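Have a look at this one.
Lettered A, B, C and D in written order, each chain numbered from 1.
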Amino acid sequence: MSTHKAPTVILPVAEIADVQNHVSPHTIDIDKVGVKNISYPIVVLDKFNGTQHTVACINMYVNLPHRHKGTHMSRFIEILSEHRRDVSLKKIGPILEETRRRLNAQSAHIEMTFPYFIDKEAPVSKARGLMEYICNFNGSMDENGVLDLVVGITVPITTLCPCSKEISQVGAHNQRGEVRVKVRYKKFFWIEDLIRLVEASASCEVYALLKRQDEKFVTEKAYSNPMFVEDVVREIAHHLSHDDNFSWYAVESENFESIHNHSAYAYIESKQF
Amino acid sequence: MSTHKAPTVILPVAEIADVQNHVSPHTIDIDKVGVKNISYPIVVLDKFNGTQHTVACINMYVNLPHRHKGTHMSRFIEILSEHRRDVSLKKIGPILEETRRRLNAQSAHIEMTFPYFIDKEAPVSKARGLMEYICNFNGSMDENGVLDLVVGITVPITTLCPCSKEISQVGAHNQRGEVRVKVRYKKFFWIEDLIRLVEASASCEVYALLKRQDEKFVTEKAYSNPMFVEDVVREIAHHLSHDDNFSWYAVESENFESIHNHSAYAYIESKQF
Amino acid sequence: MSTHKAPTVILPVAEIADVQNHVSPHTIDIDKVGVKNISYPIVVLDKFNGTQHTVACINMYVNLPHRHKGTHMSRFIEILSEHRRDVSLKKIGPILEETRRRLNAQSAHIEMTFPYFIDKEAPVSKARGLMEYICNFNGSMDENGVLDLVVGITVPITTLCPCSKEISQVGAHNQRGEVRVKVRYKKFFWIEDLIRLVEASASCEVYALLKRQDEKFVTEKAYSNPMFVEDVVREIAHHLSHDDNFSWYAVESENFESIHNHSAYAYIESKQF
Amino acid sequence: MSTHKAPTVILPVAEIADVQNHVSPHTIDIDKVGVKNISYPIVVLDKFNGTQHTVACINMYVNLPHRHKGTHMSRFIEILSEHRRDVSLKKIGPILEETRRRLNAQSAHIEMTFPYFIDKEAPVSKARGLMEYICNFNGSMDENGVLDLVVGITVPITTLCPCSKEISQVGAHNQRGEVRVKVRYKKFFWIEDLIRLVEASASCEVYALLKRQDEKFVTEKAYSNPMFVEDVVREIAHHLSHDDNFSWYAVESENFESIHNHSAYAYIESKQF
């Protein structure tokens, strides 16, 4: 320390950090502690191509009993590095098991969000282009080793307004919407199939690449199939509630209204669990 | 319709929207339907100045019983327009009551997020500048007219790493962090006081305006007061759990680590309700 | 400093910060130095109501000649605090003049972005609701005291695809779009009038509040008025180039396509200056 | 069309879209028209591993002469699909050449932004973890086939405040910062080397994975190496201006201040071109 420092300001008593009065670290359990917003390249299972490379945003947490002051943050990154080349629904359990063990924790949590791409065929021309869907794997393992895994997908859709069609001489306002579905499930399933179910429940699907004849097709399909956000979530909830592989679901649909600067929104969550 | 249209593409059977097979709108209740992401100027209560002008991002929903196909989206905007000049915790209940009535709904929900400004004095120079805190009012009224209101605040703080201080000859890494607190409460309280509680639970507070003598003060205060994210959430949870005006709380702290490109994170939720 | 510190790690030579070899601060001029992403409540001029309260995101910079190591960041906040209750195009020059003086700088820059609200009447029912438009004031004053001021607005619009209308038996895909216009001007003008010009150059305008008869109107108006993004930017560029109060403009239009998950985009910048 | 439509609202004259008065598409050239915000998986060159998989956000545009009403948006997606597995600085020119040809355009533009990962060794423990850097390739080819290519990188760094160190008895505030560099260059270079140059010009580098001994190292290194944002941009500008492979550069540094809720910012752009 050099000697030319400015003189110390005398801290007013009320401003001095009263360290002695701080809560003892030994009395309060922490539900989740860990690392958040890690961007990491991963390799995930792909129904049609075996595997797919993508980039995930990842959070990893463990519980922290009251007798420990802090956790070991660097171990999360080590675990992530070891498993990043082989991510699938089937691996979330083993990753969480290992996290509990290496962090000496009772419970562990992982949240991964990543874009997933499907090579999609245009409806008439059959031209192909990659469509992006956002996926989430949110897993928690409790102190008994019981895994709770929620899978989420975000699917862009087209919706065409039934009211606008009904009252207008020509045309009907339509727009891009976004459906976000979360499920708990019993047996492994492909997210491709869940995406398919959502896309079939809209006025029309959205594509990366459409030629002229495809544009005619999607315009007319949407017009023949008007749906409110209410209709979209009901349609999807109907299908999910009749598929007994899904033990729980939540469905939300958001229309980026073409006639407003805000969204129309609807949400249904299953009552069973 | 003009006659020069291109001939209709024959839709492959699997692609035609199977409207008849759509779920009947008359069988599934919708939990929430309404408008989302409305940007609206509002006037809120201010402890020190009476009122304060700000701009909110607002969502408003009602439930929709299975016998109704759709809700009346424009009525949300009408209700919002009428109440925007007089927003406070005390008014959320009446707004939801009116929403239930005018939308003929059993339950109603409102979510408002807005920046709130406090004219804050620097610790030594007493120079003043406006600090921004993000506030949330999330209210739900159920079919019995019971109001559940959760108030949230986001408070920027400074944290200085105890481990780094301990192991290093000089200095200690520190960073901006963000504390997000949600509470349920019994009697009206000022968000200014909750913000104060959070700011007193960090290594140091954050300011809009600091002169040289203030910068010396905050540097030394943070150094004398090292805290992990774990310490921050425990400190705040300790204070909230000892204030019996708060019937429930959730506290999370996120450090935008100066030595990493990801965050350190901790979360505690109260068990009582 | 306590005595229980861990022993110092010997830094490998290549890793030690080579301070002596750092560039001398005395040789390189800095174009802009200052504060960024300050959230601040401001009061702006309003054509219909005199003034309007809003919240801005603000950046303020000055140049820094090579002979100075650093600038005085707190002075920007002081200037901002003094002027925040009276912001208008006419005040940007005086604010920059004062910034140059108080920071001892040759040039000064300010960038303000804020939501601006207009109470807009629905086309048929005349119901009213507040529409949000994002505004930018970007001002620079050079070493000769010459002010360069660019005003920007972001206007949501509806566009209906001419191709889709032409080739489809019924309907036409449409969507929300966003027009962003920047202008340099000669005499003071109201941003309300520039917004009006943009809204008149789309398939249809967007509203906060529409009743049933309004929805019929906007649906039919958009259908009768199909426009590509190309048409929108040309239409606006045409009007701006024929208004000799605008000495320069840049216009971009982005469609959040209802049939794709990406945007269609077009951009025109005036050649004169 | 069914016969139960509501009667047409008579449009007030001022509200009817005056299509005849619209600007003729045949008089105004469009600078850029195309597709924006396409998310696409790509494979890029990697100095250490040959290639790397990542996900890019991509914009592609061409000019549109006044005699054409619209461009062919789907062709951009086709070109992108064909080239996505082999992206490098060397390929931007050929992609733009092909874009001009297939879109019958004089000029073409591509903007790609993607996370790029480098397996980085901790300074003492040599533990490894992947660090994310955001890269941009922005290329334009004009009507003479001349390519202008700007490469950008965003590099997270640690900065420690010289003023805070100087005036304080102990400690010094520090924080995560972000450096964004853009360059034009003569011969091919590796972005890894440009990242290295930036990381060597900060108080300390940022890492994905640090063990205890590394944390001591980075804390002490930053403390021994205090730098303002002004110092950081000057240091980088100094190095870039002395490397004659770079014909132009712009450097900005933004500190996410640990003592404020806003950023400190500095910017230098080279005068030569």
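Here is the rule we go by: contacts are C-beta pairs under 8 Å (C-beta built on N, C-alpha and C of every residue); 3 or more make two chains touch, one makes a residue touch a chain.
This is a predicted model, so every value here is computed, not measured.
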Starting from the defined contact criterion, work out which chains touch subunit C and subunit D both, please. A, B
By mean C-alpha position, what chain is farthest away from subunit B? D
Which whole number of Å gives the spacing of the CA centres of subunit A and subunit D? 26
Per the C-alpha centroid definition, the whole-Å distance linking subunit A and subunit C comes out as 31
Rounded to the nearest Å, the gap separating the Cα centres of subunit A and subunit B is 20
Where in subunit B do residues touch two or more other chains at once? 1, 6, 8, 38-39, 132, 163, 167-170, 204, 208, 210, 216, 220, 224, 261-262
Per the touch rule, the subunit B residues reaching subunit A in their complex are 1, 6, 8-9, 11-12, 15-17, 19, 22-23, 25, 27-39, 59, 61, 64, 69-71, 73, 123-124, 162-163, 203-204, 213, 216-217, 220-221, 224-225, 228-231, 233-235, 237-239, 254, 261-269
Quick check: in the complex, which residue numbers of subunit A touch subunit C? 131-132, 156, 158, 160-161, 163-165, 167-176, 204, 206-208, 210, 212, 215-216, 218-220, 222-224, 256-262
Using the touch definition up top, name the residues of subunit B that touch subunit C in the complex. 1, 5-6, 8, 38-41, 52-55, 74, 77-78, 81, 115, 117, 127-130, 132, 166-170, 208-211
